[in-house]
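Same chain, two partners: chain A is paired with chain B first, then with chain C.
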Partner chain A sequence: MHDENKKGRSFADIIRFILQEMKPRGKFLTPFNVISIVVIIAGVIILTVRFIYGLGSVSNLNQEYPWGLWKGFNVITGVAFAGGAYVLTFVVYVMGVEKYHSIVRVTVLNGLLAYIFYAGALILDLGRPWNIINPIIGNDFGYNSVLFLVAWHFMLYMIAEFIEFSPVAAEWLNLEKAKKVLQMLTLGAVIFGITLSSLHQSGLGALFLMAKSKIHPLWYTEFIPLLFLVSSIFAGISMVIFEGTISHRVFREQIGPDGKSSFDQIVFGLAKGAAIAMFVYYFFKLLVFIHEHHWQHIHGFWGFWYLFEIIGLVLVPCFLFAYGARHRIIGVIRIAAILTLIGIIVNRLNISMIAYNWNVVDRYYPSWMEYVVSFTVIFAEIWVFRWIVTRMPVYEKHTKPAMA
Partner chain B sequence: MESYTYVNIFETKGLEYLLLICFLVLFIFLVRYLASPLPAKEQAGKE
Partner chain C sequence: MNRRGFLKLAGTVGATLAAKKAKARDNDDEKEEFVGVLTDTTRCIGCRTCEVACAEAHGLPVPDVQNDGALEAERRTSDTQWTVVNRYETDEGDVFVKKQCMHCWQPGCTAACLTNAMYKTHAGPVIWRSDKCMGCRYCMISCPFEIPKFEYDSWNPKIHKCNMCWERLQEGQKPACVDACPTDALMFGRKRELMEVARVRIYNHPQKYVHQVYGEHEVGGTGWLYLSSVPFEQLGFRTDLGTTPYPDYTREFLYAVPVVLFAVPAFLLGLRFLSENEEELEEGESHA
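The block that comes next holds the complex of A and B.
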């Protein structure tokens, strides 16, 4: 291999190495594996039916409800959860806060996979999925459409995130020259990615501006884009805390005891950021509420549901984050992160599904097959994430690259 | 003699200005709360 190193590896060597790495590692029959494989197989069958017989054969979507669970949860909520990547890269690469450097790789990987799987899930939900290429090739640009911006941004952001993560893959393949070149591109990709993120996170909210008559007044506002952007900051931070907590248990051999103690310090810093972002968001919501004279809507089911979202799933976790960060109680911060993630799911589903067509008698409820497909997307992402983390130097800089 | 004019802050921008002032004041408190060091008693407990 020493001689080969001198000559440089051939393309065939790299392919052989990747194929070798495809083999499963560790215990295969775990509860997670068994459940996820069953769900994924069921999901693939349902998706096959969906692509042969159309959306109506597996989902409860109709002309009144063209957007359902797949867009409301997978795309709109999933992209908000991926916000951690642009927040973290901004803090580390632009502001130069090195304290968070150790979690940048895993956060960028999470963001990349979230976009590939959750934004990719958009294809499942399009009645004519082959038309997805139209905004890109110019068949029908539609410059005035928010979807035009979202389509381009999703594609460009995936490329930017891929460039940000590619030095890790180069390190794994022991391609030193390629790694150096890719590292030089990182800062540019980060700045480009942050610009794109801030625009399409708000762009996803702007998609609902045309549904003024359909969304309940407590959730509809012309400031939806701004609210989506601000909420994506603490959604992303909460996801980093939640995912990091699980990963530090599942991948503890790779992280080591030093990594765990430094992660606790990182969590305290992230909790402060989340508390501030949530505090700002809460006052934005309050200001919109007062500005648009919504007092008369605070009664009955919708009023209480709105208060539950704003107080129970924004203000309460905001205080919990602040309290946990101030008193250094990691358990309180984890509870706050979970409440925040639930709050984001509730908020996005309220706007796209629950409070959408709120006064229509014939309401939309997702079919069981829609739930199975949603879980399929999540499980498939976790499988790919686990495969990458157990092979590439995501958690720590390996002194020895995987491909010798 | 001029009559008293009642200004309803719910119908004017008054409530929005009040809210912004509250936000700015509370924001300073929040940042100070987060930035302050751990109390000595709790610090000793953590160590």
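The block that comes next holds the complex of A and C.
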């Protein structure tokens, strides 16, 4: 990226430019800023305590529940939400559907940041984070570990996403030559990225295959990887709709009126895609249900909770998506997207925390400090996201370089 | 070509490594027969001498077995106790059961560990190596017996579990608990020999024992074996774990990985060239 530019801009200029861009822009004391800064400061304090006195000093994790909110929500749910990037790059770059091109950049950016921050959350949760280098340098390679696979794929995928996004950064820094080179890498990165995504999205599910004796039989199936993969498709799409809806309010200036109307068209298309993916998911769920005789478990709290998840938070939004797409009602689609996202959270937390060791008496409930740290991660990500979209040409298709 | 053969051919990192591992495992199997311990619960008197010996051998807090009243409630192993003895009230009166890592033949914990910090030694004991562990606690998720325990109150936490006194075995000694047991309830040896002993005892006292050795087939067989006078459910054992080794549950997924790494990119490239908009990409890109 740092190639010498003909216009005689030096490396030092670029650094100066970036530093100058570090300063915040616009009104500072907005409600979001105030709340998020308070949370982030609290989160940093909590994390300091955590690294001095151990995980138990801030979390309610225990020997029965080794994985809690940070892994279950930030990492496992967060990565499903980031699925939009691989779905969209597939549709646009592989299938060549141009209609969605205008939102590829922002989706890839979202995906990249999600991985950076959620992989970050994984590190916060590690008891001995300095040893994270071990599976990378080969002290040792645990090749038959699903987590080994997932960890490597996270890492490689981040690189792929970085390459996919880098032309935007190059454009921002007005590095035309670098941008050209980076663009040539895009297709390779896209194909590599989609492959990696399909493996680690399902891999996150495969992590729980060896928890067979612990997860409630309604949620445990040998098909967890497949279910995770398919659900990451509509999780990602719903996130794109949800995030896009908010962004179109917050970043109005960046997007402009054209973007607005074309985004509505995009949403209808996405809703259709989500409905189909959810239908397929539902079909798989049903097959598993019949194949593994799950009806015998449909009673009591767990039976109710299971039905609530698959009917209230999968089937209903699936119909809402289809209905909204058919009758072109944006509002219905937005509700569907929100229900779907809640459904994904519930599903991932069920497998990692709620229906995990479901018959243990001392259940795990996250401590308030765990919640604060979870939100710290999310807010920190939003800050970085906002910093980037207000500076780099993420939304605009044709822009003047910011640094001329 | 069988699956393993395929893996060896596959040129990806993952595949090569997986194949290497499979080979290494085979060699280990040839080298040595795994050792284990046979616990005869009918001989155990609940004195907890083994708990004391274990704590002393591993620098853990030594329990005050006379006065701590620990037999009153069922205990689990913890980050300060690698082994615990529990009392169960059964049809045959009180029965005492020592509990610790089962040293599975094909352990879930070692298959889970992404740094091989959890490690199945060639002799059989499953050990934990602090210089490798990153504290992800995936081993805890994957152990069917919920044995690995984590120090939640340390900045530099360790995983705790029985290592069958690996350091003593290497010096030719027996595990500390086996040496300490005053009633010979514990017996150390190769699994095949232990199984023979167990069968002889059942054969000689068919009324005394239930005709099952816990650990013979559970989760693919374990190094630690149990004899009992009452059905194992009554002694807090899980009898619903099946006989499939735990790593088998993820094996299919892992075998699919190299295939996906080859097939999906090829498939995607194919699709990409089929979708007529071949030029689109470069065009779209240059003013995207």
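Basically, the second predicted complex is superposed on the first by the 395 of 404 C-alpha atoms of A that agree within 3 Å, B and C clash if a C-alpha of one lies under 4 Å from a C-alpha of the other, contacts with A are read in each partner's own complex, and residues count from 1 in each chain.
As a convention for this text, contacts are C-beta pairs under 8 Å (C-beta built on N, C-alpha and C of every residue); 3 or more make two chains touch, one makes a residue touch a chain.
Keep in mind that this is a model prediction, so the values were computed, not measured.
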- Message: Going by the contact rule set out at the top, does A:261 touch chain B (first), chain C (second), both, or neither?
- Response: neither
- Scan A:10 for contacts with chain B and chain C and give back first, second, both or neither. neither
- Message: Of the two partners chain B and chain C, which one touches more residues belonging to chain A?
- Response: C
- Can A:144 be said to touch chain B (first), chain C (second), both, or neither? second
- Task: Look at A:48 in the shared chain and tell me whether it touches chain B only, chain C only, both, or neither; answer first, second, both or neither.
- Result: neither
- Message: Quick check for you: in the superposed arrangement, does A:328 touch first (chain B), second (chain C), both or neither?
- Response: first
- Task: Could you look at A:276 and tell me whether it touches chain B, chain C, both or neither (first, second, both, neither)?
- Result: first
- Determine where on chain A the residues touched by chain B overlap those touched by chain C, and list them. none
- Message: Considering only the defined contacts, which chain C positions touch chain A in the complex?
- Response: 14, 17-18, 20-21, 76, 78-79, 108, 111-117, 131-138, 140-142, 144, 146, 149-157, 238, 240-241, 246-247, 249-251, 253-254, 257, 260-261, 264-265, 268-269, 271-272, 275-278, 280-282, 284-288
- Message: Under the definition above, what is the set of chain A residues touching chain B in their complex?
- Response: 272, 275-276, 279-280, 283, 286-287, 290-291, 293, 295, 322, 325-328
- Task: Over in the complex, which chain B residues touch chain A? Could you list them?
- Result: 10, 15-16, 19-20, 23, 26-27, 30-31, 33-34, 36, 38, 42, 46
- Item | Footprint of chain C on chain A - complex, ascending | 51-57, 59, 61-64, 66-67, 90, 92-96, 98, 101, 104-105, 125-129, 131-132, 134-135, 139-149, 151, 167, 183, 186-187, 191-192, 194-195, 198-199, 202-203, 206-214, 222, 225, 397-398
